[in-house]
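For reference, chains read A, B, C and D in written order, and residue numbers begin at 1 within each chain.
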Amino acid sequence: MMIEALIGFTFVAALLVLLAPDEWAGRLAFAFSLLPFAGALYLWSGFDGAGNALTGGDIAYATQIEWLEVGGRTVSWFVGVDGISLPLVVLTTFLVPLAIVSAWTPIDARQSQFYGLMLFMEANLLGVFTALDFFLWFVFWEAVLVPMYFLIGVWGGPRRKYAAIKFFVYTNAASLLMFIGFMSLTFALGDTQSFALPEITQAIASGGLETWFGISPDRIAMIAFVAMFAGFAVKVPIVPVHTWLPDAHVEAPTPVSVLLAGVLLKMGTYALLRFNFTMLPDQASALAVPIAAIAVISVIYGAMLALAQKDLKRIVAYSSVSSMGYVILGLVVFTEYGVGGATFQMVAHGLISGLMFMAVGVIYNATHTRMVGDMSGMADRMPVAVGILVAGAFGYMGLPLMAGFAGEFFIFVGSFSAPALPYAPLFTALAMFGIVIVAGYLLSAMQSTLFGPFELETDYEVGPAPFHDVAPLAVLLVAIIVLGVAPDIFFEMIRDAALPVVEGVTING
Amino acid sequence: MIDVFSYVPAIVLLPFFSFLVALGVGKHLPKGGAFGGIAATAGSFLLSLWVLATVAGGEAANRTLYTWADAGGIGPTDIELSFGILIDPLSALMLVIVTLVALLVHVFSLGYMNDEGETGLPRYYAGLGLFSASMLGFVVADNLLMAFMFFELVGLCSYLLIGFHFREPGPPSAAKKAFLVTRFGDYFFLIGVVAVLATFGTAQFAGEGSFPALAEAALNGSGSVAWTPGGVELQTWLTVVGLLVLGGVVGKSAQFPLHTWLPDAMEGPTPVSALIHAATMVAAGVYLVARMYGFYALSPTALAIIAFIGGFTALFAATMGLVKDELKQVLAYSTISQYGYMMLALGAGGYVAAVFHLTTHAFFKALLFLGAGAVIIAMHHNEDMWDMGGLKSKMPVTYYTFLAGSLALAGIFPFAGFWSKDEILYEALVHGLNDPLLLGGYLMGLLAVPVTAFYTFRMVFLTFHGEPRSATARDPEPVRWNVKGPLTVLGVLAVVTGFINMVPVQKVLGVEGIDLLHLWLDNHWGGIDGLSSHHYADIGPYSSGYLVGGEVGTVLVGAAVSLGLALGGLLVAWRLYNVPSPTEHTAKLGGIKDVLYNNYYLDELQVWLAYRTEDVAGGANTFDQGIIDGVVNGVSSVSLFGGSRVRRLQSGVVSQYATLLTLGLVALLLALGVSGGWFL
Amino acid sequence: MVNTLPQVAALLPVFLLAFTGLALLLVDTISPDARSNTSMAVVGALGSLAALAASVWLVVSGTGSADTGGAITLFAEAIKVDTMALFFTAIFASVTALVVVAAHDYFHDHASPAAFYSLVVFAATGMALLAAANSLAVVFVALEMVSLPSYVLVAYLKQDRGSVEAGMKYFLVGALSSAIFLFGISLVYAATGSLLFAGVAEGIGSLAGLAGVAGLGIVMIVGGVAYKTASVPFHFWAPEAYEGAPAPVSAFLSSASKAAGFVVAFRLFTEAFPVGASLTAGIDWVLAFGVLAAVTMTLGNFAAAVQEEVKRMLAYSSIGHAGYVLIGVAALSQSGSANDAVMGAAMAHLLVYGFMNTGAFLFVAMAERWGVGRTFEDYAGLSRRAPVASVAMAVFMFSLAGLPPFAGFFSKYFLFMGAIDNGFLWLAAFGAVNSVISLYYYSRVVKALFIDDPASSSSLDAIDVRPTGLYAAVVFAAVATVLLLPGFGPVIETAEAAASALF
Amino acid sequence: MTAVAASIPPQWYLLLATAVFCIGLFGVLTRNDALYFLMSVELMMNAANINFVAFALYYGDLTGQVFALFVIALAAAEVAIGIGIILVLYRNFGVTDVTVPTEMRW
């Protein structure tokens, strides 16, 4: 019942914060958000899962309660964690308190609503990462969008309304596509009478797919795979369905960007791993080349776009597209290092992009501009914040002994000689070139904004950032370095859960 | 007996702690944390000496200390990614060099930074500490991945230190360039690392299961590799991998065409330049090749390419050094050129020669940079040699040590540089006689000798001789012990280091046992199997050929030629510049002059490339905003337009509703009727 | 316990509603002045709640369900009480209760509110009867019992040109449709010689060359149903009627009356015109409904997406939802394994819809009560002054759009699921695309309420009163909409049981 | 009498009813005046009645006949309400032309 307690408490906390007066809503929300983190650490400390939850491994903290039955199929409250979902749970509960603290400075209106929605979103995110029943999962998956819609729409920048609706409609359209794909899959599984993901996965693995309204099993699987991939691709996002992301990021307030990049994008990759690559590995390996091509395009194209941006947030946003490309590559190669590295990269990128957005936000708080051209020599005025920003940027460039390098390197090692992917070395080498471009645009942006003589058009004095702005940055940086020096903290359990996925695939040719 | 090797991590960690201390509480410490750094590097230096002694005592270490990650790869076993230490004669020697230079640079910094009242000293010493730590970690690395990681950290530190004066426009740009250009090289290095792991399932340097050993076994058929890309033959693939790793070397060791960052890097504080050029960053590249020489030796093609790049860079950089006006610029190009020599040596199978030159160069180049630093202090940070002159009498210590360094650099007997450079050329010659590409490298290296001597002494004469050409030169600022001390130490070393490896003497006079470095690297006192020079010679492709008079004759001829050329260059410089008031003679070069001034327009080329890339990015952005996002927004506007059409149906006139309603019903009737065949 | 009571007790909810209506008339005659508003509202509310309680109790006690001896038929089989009938009676009763409570505030200053309540309750009675009809005759009579009061209700504001125009259009289209419906019945009678569903089904099974007549009749009946459910092409009255009518009436019509139309459809096209028999007779009404469903939801959503007035947007959206629910009939198939699933989902959706849509219209009623205006712009920033109501409205909007964690999500997705399960992927796809569009315009309301800033500082001053009844109704509807998600299990299972009893 | 009625083949009744229905429909579609509209609708309903009565005879059961009576009553009620609505329509718009009130559209 730990997971239920975790989610339930977060919901309650959200409610209480909603009702709290604005003055101390922020502090209260922070205090509350620490408990889920503690809870997640407790889950971690007592983690006894083994293998992959979907392929019949031992699920930790599993509870399955029948909820309702429809069309002869049971929908149940079924939650639990394995080596893939637990790190993401920890990541979520870890990022939210920091994001809340980073909101203290910028959020100055309707605080209680803001923090309440943040916690509400956290609760749903936890649900997404722990749910093991499709319907339950889908409820949380969709429910994440609502608070996000408000967070962008109410507290966002000038074009917030456009960004919010775009995000909302775009991602919902995607989920519907995915929904239809998954449903046709379940109905082709004639004798599986539940929506429990493990059951469905194992049924498919044991050839449970039947001809359905004259469509052959293979074709159904392929249709479902494509539909789900397309649906999740929007969430990740992958080129060419990425255009909602920069708008959303640019308009969203800093703490929301942190969660958007840090956790929400991971929902997409997590779902891809769970559904497409774990349930339908053979379709995945049949489509390996096009998927890898998309991944590489995302990496290079996203990086090129970032290179062309002048808005610091846009830069980081596009580089997220680029980083997610690595994850896709890692998933499609079906090697232990590849899949495990992809999962690890989710966590690593969550921390690093969170740090970047936070740091940019701290500068924005002081300068009220994010345009590269508008400022220079910020290092002179806010040395600590800038110092951490620089460190974070190098983390983003994949500096060894920081989390980002571990994730990317695992993926590269896994993918370079992957038998599941034709021309693997070529794809890998191409994707790797991203590390050069990323260095290019981050260094240029830093040079012109952080260094050189201090210049900024303001009528007030720009001083060092307040402590509660810098503290979260420092915490994140430490976490990134720790994870980079000792990736096994997560990687051990991740690869334990990733192995069955890898073994699930039959390599053709 | 206590195990010294368990203290090796301390060698790396001590400077790291000094980094933490300086970063954390540096502003509350005297001298901004300088003493912490000095203490740390001193400690590392002593430990390194101890390690050196132990290795001399016949011990060596190749241990895995910490598993970073471990998961299933391709092939039978997991790929384990780990950290460890590999202590053999080579790394032990390198440890001593690095720690010594780092220590001296720390001491010198007291004079150069503190006494000059620089701000941000904690940041500076933190940088130095991290820099030393990274380099030491790189030196002791027992596998390619660990090496790569610290290689990257070295790059980071160079970025931080070159950009130390971040409030000025120049340094940040130079720092960016340094990191980017080396990053470009490291891109290939990274592919190389991944390729090695994929191919052999391990990245260990030494031992039975190490990748050089596996490659060797696979080539002579007594073993096999885990994976090779489809359709690529093993020998070719190994060459490709070697060249990929070489990419990183070319970047860090500033070889053509990735050398352009190094002259700009002079924007950093002079002690940092000394550290970068003598012992850390630039040395890292060459050291890496030496470290995995057992792998390169298996691929003649790779060796030939290394040799040619080296030789070409040696000459190419030297020519650019001819016309520079700033003191440090000249030294910068001399560095590029000297590392070119080392690459030539490695490519030519002169493993020992390369390490030898690495050693001597570390000392005399550190000396030259620190000397230059002293001059710069004296000149109130004016680096233009045309404003100097006549400093000889004002600052004798600096002058004589600097002179020793210059003689070494120019390769004048019996200074350190002579021995090492002579051996390189000798190796290139004897091996090159059977290998045209190598011979080309040799000839370029030989041509570079007089050029080097010329620009070196042009520098010396312009700086120290003749009449003072500016007010500051007439009354330079004095320097203190903390500057003179390091200079003296290095000056001595620049003179004597050559004697650790007097191969020519041995060959000519037949005195055994004076080629200490050869014996040292040949595991004469012990080491690790498979990492010895003769093993490299065995697996290497080269056979020696001799000119008239067999070996001895070749030795003498070679030495004589190179020494003669060096002296020639020196004399020309003497004639032109050792006069009371020297003038520019670059006009004599005519058109070439501009080319040399502008470094063969290579920077322009790279800038041009950067701009083109930005254009492409801009195009991609337009495409993204216009086409891809346009489609997205198009969908919504189209549906809204459709909606505004649909609503027009609702005309508000009820009788029209009746009509439409009836028509709809009739349509339905007809459709179903026809399909159902009611009217038949 | 059914055995202990006379069979006719199964009609308890209907009787309760009828008596309530009469009681209201009585109260009105006793105290005919405007002050009777409150007392009328109380009586009406109590009566409808009693009916609700009764129907729920009957459902729980398993009256008319398969496991307690099957449906209860009364009056020479003209009436048939089964789970579905009671299920829908519950929907009608709850909507009525909400509307009555809300109306108390809406008509607080109306000259003669009394008649309103009795009309609403009588209409509800008709609906309840409709749900239990087992003969075409009863269907028609009950249908008129629903329609006639509705015409009056729409035109209830006699001084308001909008209300009158709406009433006129509603009435004329309604009259025409019922005529068509009636003629359809007569043709079916002509072809089959019976008005009882069972008899009709029999006749359909053995049509001797009269397939054409029966077909014409059935299609005309489809037309009648389409009118009641506001589906294309009989939907034209809906936007005007809903826009012009007093908001509580719009709520009543768009929720209860629509549901009434569907209960007829469900019964007719399972018991009177079974799929198999009709298809063999060459009467492919499944296709007809499929086309209607697709066209209806598309038209409704596209038109709703471009409205300026919230009320009219809701009107079109309710057309769109009619399209969704039509899937419940359109996705039936002869050999389909999920017939009961899809129809049950449709019923469940109607129940949920009864709450969320009524709530939405009642929020509009509140806005009209405040007099803040009708367009999206007028709603800007309402959340600043009326947070509770605005949150409730947001709940309704997201639920209508089919977003979790609200009930509309489940009902809608079970609907699509059932369609997919029965092989009607294309219908589900239509529904999905439309849901995306609907998301756009529903979120426009939320955007106006929460995100947009008020047009002017004074524009919110209109919100000076806190109409208790309206608030109560809206909040109750919102709570129900939320609680129906966790509590969806019994609902969907009852609905499926009810549906499966029809096949 | 009954024999006569019964001797007429049912198709004719169908045709008659359909004809009356179409006439009514025609009226609905062509007349703009609310009252004419109403009358035409009545006509359509009576067409249905013809069917009921005729086929009640044809099948020999009374259901249709009885139902016809129901329908007549309902039609009357409908007319009553219709007239009422047309009355308020006239009060507000001053016309009985149904094409005039078009304040609500699109």
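General observations
Methods note: a residue touches a chain if its C-beta (ideal position, glycine included) is under 8 Å from a C-beta of that chain, and two chains touch if they have at least 3 such contacts.
Since this is a predicted model, take the numbers as computed values, not measurements.
If you take chain B and chain D together, the chains in touch with both are C. Innermost chain of the displayed assembly, by C-alpha centre distance to the whole-protein C-alpha centre, is A. Across C-D and A-C, the chain pair carrying more C-beta contacts is C-D.
One finds 27 Å separating the Cα centroids of chain C and chain D. Centres computed as Cα averages put chain A at a distance of 42 Å from chain C. Between chain B and chain C, the centres computed from C-alpha atoms are 78 Å apart. Rounded to whole angstrom, the centroid-to-centroid distance between chain A and chain B, based on C-alpha atoms, equals 37 Å. Those residues of chain A in touch with two or more other chains are numbered 169.
Among all residues of chain C, those that touch two or more other chains are 168-169, 172, 176, 180, 239-240, 440.
Listed for chain B are residues 636, 647, 650, 652, 654, 658, each touching two or more other chains.
Listed by label, the pairs of touching chains are A-B, A-C, B-C, B-D, C-D. On the chain A side of its complex with chain C, the touching residues are 67-72, 138-140, 142-143, 145-146, 149-150, 153-154, 160-161, 164-165, 168-169, 172-173, 176-177, 179-180, 183-184, 187, 213. Every residue of chain B that touches chain C in the complex is listed here, in rising order: 636, 639-640, 642-644, 646-647, 649-650, 652, 654, 657-658, 660-661, 663-665, 668-669, 671-673, 675-679. Residues of chain C touching chain D in their complex: 137, 140-141, 144, 148, 151-152, 155, 158-159, 161-162, 164-169, 171-172, 175-176, 178-180, 182-183, 185-187, 189-190, 193-195, 213, 239-240, 243-244, 312.
By the touch criterion stated above, chain D contacts chain C in their complex at residues 10, 14, 17, 21, 24, 28, 34, 37-38, 41, 44-45, 47-52, 54-55, 58-59, 61, 63-64, 66-67, 70-71, 74, 77-78, 81-82, 84-86, 88-89, 91-93, 98, 101-105. Of all residues in chain C, those touching chain A in their complex are 338, 341, 344-345, 398, 403-405, 409, 413-414, 416-418, 420-421, 423, 425, 428-429, 432-433, 435-436, 439-440, 443, 446-447, 450-452, 485, 488-490, 492-493, 496.
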